[in-house]
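Labels run A, B, C and D following the written order; every chain starts at residue 1.
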Amino acid sequence: MALTREQLAQRVAKELRDGYYVNLGIGIPTLVANYVPEGMDVMLQSENGLLGMGEFPTEETVDPDLINAGKQTVTAATGASYFSSADSFVMIRGGHVDLTVLGAFEVDQNGNIASWMIPGKLVKGMGGAMDLVASAQNIVVTMTHANKKGESKLLKECTLPLTGAGCIKKVVSDLAYLEIHDGKFHLVERAPGVSVEEIIAKTEGELVVPDHVPEMTF
Amino acid sequence: MGGFNKVVSNYDEALEGLTDNMTVMVGGFGLCGIPEGLIGKMKTMGIHGLTCISNNAGVDGFGLGLLLEDKQIKKMIASYVGENALFEKQLLSGELEVELTPQGTLAEKMRAGGAGIPAFFTPTGYGTPIAEGKETREYNGKMYVLEESLTADFALVKAWKADTMGNLIFRKTAMNFNPMAATAGKITVVEVEEIVEPGELDPNHIHTPGIYVNRVIKGTFEKRIEQLTLTK
Amino acid sequence: MGGFNKVVSNYDEALEGLTDNMTVMVGGFGLCGIPEGLIGKMKTMGIHGLTCISNNAGVDGFGLGLLLEDKQIKKMIASYVGENALFEKQLLSGELEVELTPQGTLAEKMRAGGAGIPAFFTPTGYGTPIAEGKETREYNGKMYVLEESLTADFALVKAWKADTMGNLIFRKTAMNFNPMAATAGKITVVEVEEIVEPGELDPNHIHTPGIYVNRVIKGTFEKRIEQLTLTK
Amino acid sequence: MALTREQLAQRVAKELRDGYYVNLGIGIPTLVANYVPEGMDVMLQSENGLLGMGEFPTEETVDPDLINAGKQTVTAATGASYFSSADSFVMIRGGHVDLTVLGAFEVDQNGNIASWMIPGKLVKGMGGAMDLVASAQNIVVTMTHANKKGESKLLKECTLPLTGAGCIKKVVSDLAYLEIHDGKFHLVERAPGVSVEEIIAKTEGELVVPDHVPEMTF
């Protein structure tokens, strides 16, 4: 079975480490915050200018001056700090964030990512995504493996305008966890109940499949 | 402090000298930390042909969205503009020009503009449409794009507190692009929630020193929330 | 906050991994805001061949001057080094190499290093010996010099207060080069006057967020004054 | 009579305006702070990271954490702020300082200034001087008109390594106030009791002398 949104988030959460500073993109990546393993502390960075994002507020604590990069009202965790957007991207561009999680339309076997623009549709802007992918050492892309027509989104070469070039090394799709190196996708884990054959069929890019592909655990 | 009293008492004075076709840099992220009264004044002034530099373009009927109603903005330099139907309409009809800029690059362009740095290399956007036509260069095995700085005729800033000398303190994430905007305007106008006397703000914790600020006005703020999300 | 407790209890732990021939960035302006205990520890460790990036080189017998006594510094990148007889002697004898860098350019090179910006244009030094061999370019009728950023294996920082998570607050002009140094070290070690619990520092007024800080140690400071000037 | 150090500072102080942010270099420029005209407020910027430098402290108020760019203990004026050296040079390089006053070894008719290095002598460093002269719109150089041997320091072309190129427009020497434009020195005022002839004799650079050269007033 393909992973649900919640399961995607749960699998990505396994990439967290105690003491990590983490930037979570909008959508499924945001859900990762719900699956921080017990006994582990992570600090969430929000690129508008917050390190230490807490839970959503209550009606009593909601504050219009405290939002995240998705423009949602949030709270600040203990030990949080506020700073300008320029200083926020000193953190990001300077490679100080330990893990970045974001979605994508397409990823290709050379680590290129397309996530912000579909020609012919209205272009809303890239926000901070280009900065995030250009600078982070450790990026996890989470996405569906194929589109609704069944066409692969893990490609030999991205067809959409890029968000970043040669920067993606890890992909958690709804079918598999894959790594990208040496110009190829490498299948590492498959979603529980998903066959290697289905993953092969839905991966357009060059895919290296080891003899044994374990099922994901959460 | 005669020569350092930056306080003005009305919006006419606050935006005196702002005319058609000028470049205006506006602080804020979404609707958070925007100079609401100064934007409202730009609307009633009826100035046109503006180039606006701001991370976002407001929403229909609020923030910079207000200026779209009478087509006052000619060009928008922003990182994300997707919250606004009127914006979309004017963009598709060609009435509005947009220069999309990655958020970190935009923030750094504004800082550089205020800091006398005309251009800098950034890894952001290399290999993407953003780098097209721009100089690229390798440093330590990684590719970078040369980006030029931004300044403006007017910078419109929202702060929490100011003293009469224009020293500023921002509040929480309402800081966002405001500190950089404050440094990058030929004339910087700041709308604040509270004005205090010099010496009342801790010199160790002033976010923006008064040297960047030309005018301070006390505003009233609706602080509209774009995405109200509460703990269930 | 297990993973975020940056506090170390002794100087061995604070400088673990610092070895011969490394590049060390040190905060401070003159003797103001210098990590006294960390410098002292570098002396007793006896490491040699250091490249030090710091605005100044201390005085005879204090600050980075201590490291000159045993010729531990191979190269100094600084803006002003004129307070130190031993420095002069080693410079003239060729035992010490100096790369003089204008103060604002030095500060910006350190910030850029921490910010992932490999190079930037500055007007500073155009037409002077500082610009020799460097690329220059005209923007808006003015000439600029391309300067590259600086990073270091270790950044040694002095702050006033830290919480255990490494969030920092500096005090008065003891801030100086410390915030930029904090961002530009592969390993950033901070020596502070006081360590408090997370939540005790106002999030709105943290100068350096803990993300840049690897280790925090509580020091004791002599705070020697270089030029005591009093009102007559 | 050539101006004393105090008189030089007094004459430079006439360039102050109410509401100016001013950076004063080490030496004579520092003395300018003593001659701010009555009823006028200026804020002094110190490039180590202080806007709003106050007087020297007393023994009771002296604080090793509060020094100026000359490393002297100082106090903070009402409305002062502290910031990093990077932010300090945002102010300076960004052209936000209204007036910069500094000394020089030599100035030439093209506005070049040499103030930091005498080849063959030990080079101590330029500190913030190169940033200050490269960025300020309004710079006053204060210096002696000639060296102790009587040789001019206002030259056709600087002989020493430059601090900045083409950036000096105003010079207050101990003999005269001069402006530099169009590749020439322009004599504007002479020190009380100093003859135009002496100024001409001690100016190696091209000097434009108007029919009437008023004496300085203080």
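We adopt the following convention: contacts are C-beta pairs under 8 Å (C-beta built on N, C-alpha and C of every residue); 3 or more make two chains touch, one makes a residue touch a chain.
Being a predicted model, the structure only gives us computed values, none of them experimental.
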C-D compared against B-D, more contacting pairs: C-D
Length of the line joining the C-alpha centres of chain C and chain D, rounded to whole Å: 29
Distance from chain D to chain A - Cα centre to Cα centre, in angstrom: 55
Rounded Å distance, chain A centre to chain C centre (Cα mean): 35
Multi-partner residues of chain C (each touching 2 or more other chains): 108, 111, 115-117, 122-123, 170-172, 203-204
Contacts with two or more other chains, residues of chain A listed in rising order: 76, 82-83, 89, 92-93, 135
Chain contact topology (line, ring, star, complete or other): other
Pairs of chains, among all present, that meet the touch criterion: A-B, A-C, B-C, B-D, C-D
For the chain B and chain A complex, residues of the former touching the latter: 29-33, 55, 78-82, 88, 91-92, 98, 100, 102-105, 107-108, 110-111, 122-130, 143, 160, 170-180, 207, 223-231
Touching residues on chain A, where the partner in the complex is chain B: 46-50, 55-59, 62-74, 76, 82-86, 88-89, 92-93, 112, 117, 122-131, 134-135, 161-166
Chain C - residues contacting chain B, complex: 108, 112, 115-123, 137, 139-140, 142, 144, 148, 169-172, 202-205
List of chain C residues in touch with chain A within their complex: 1-4, 111, 113-117, 163, 165, 167, 183, 198-199, 203-204, 206, 209-212
Footprint of chain B on chain D - complex, ascending: 17-21, 39-43, 45, 51-52, 76, 78-83, 89-97, 135
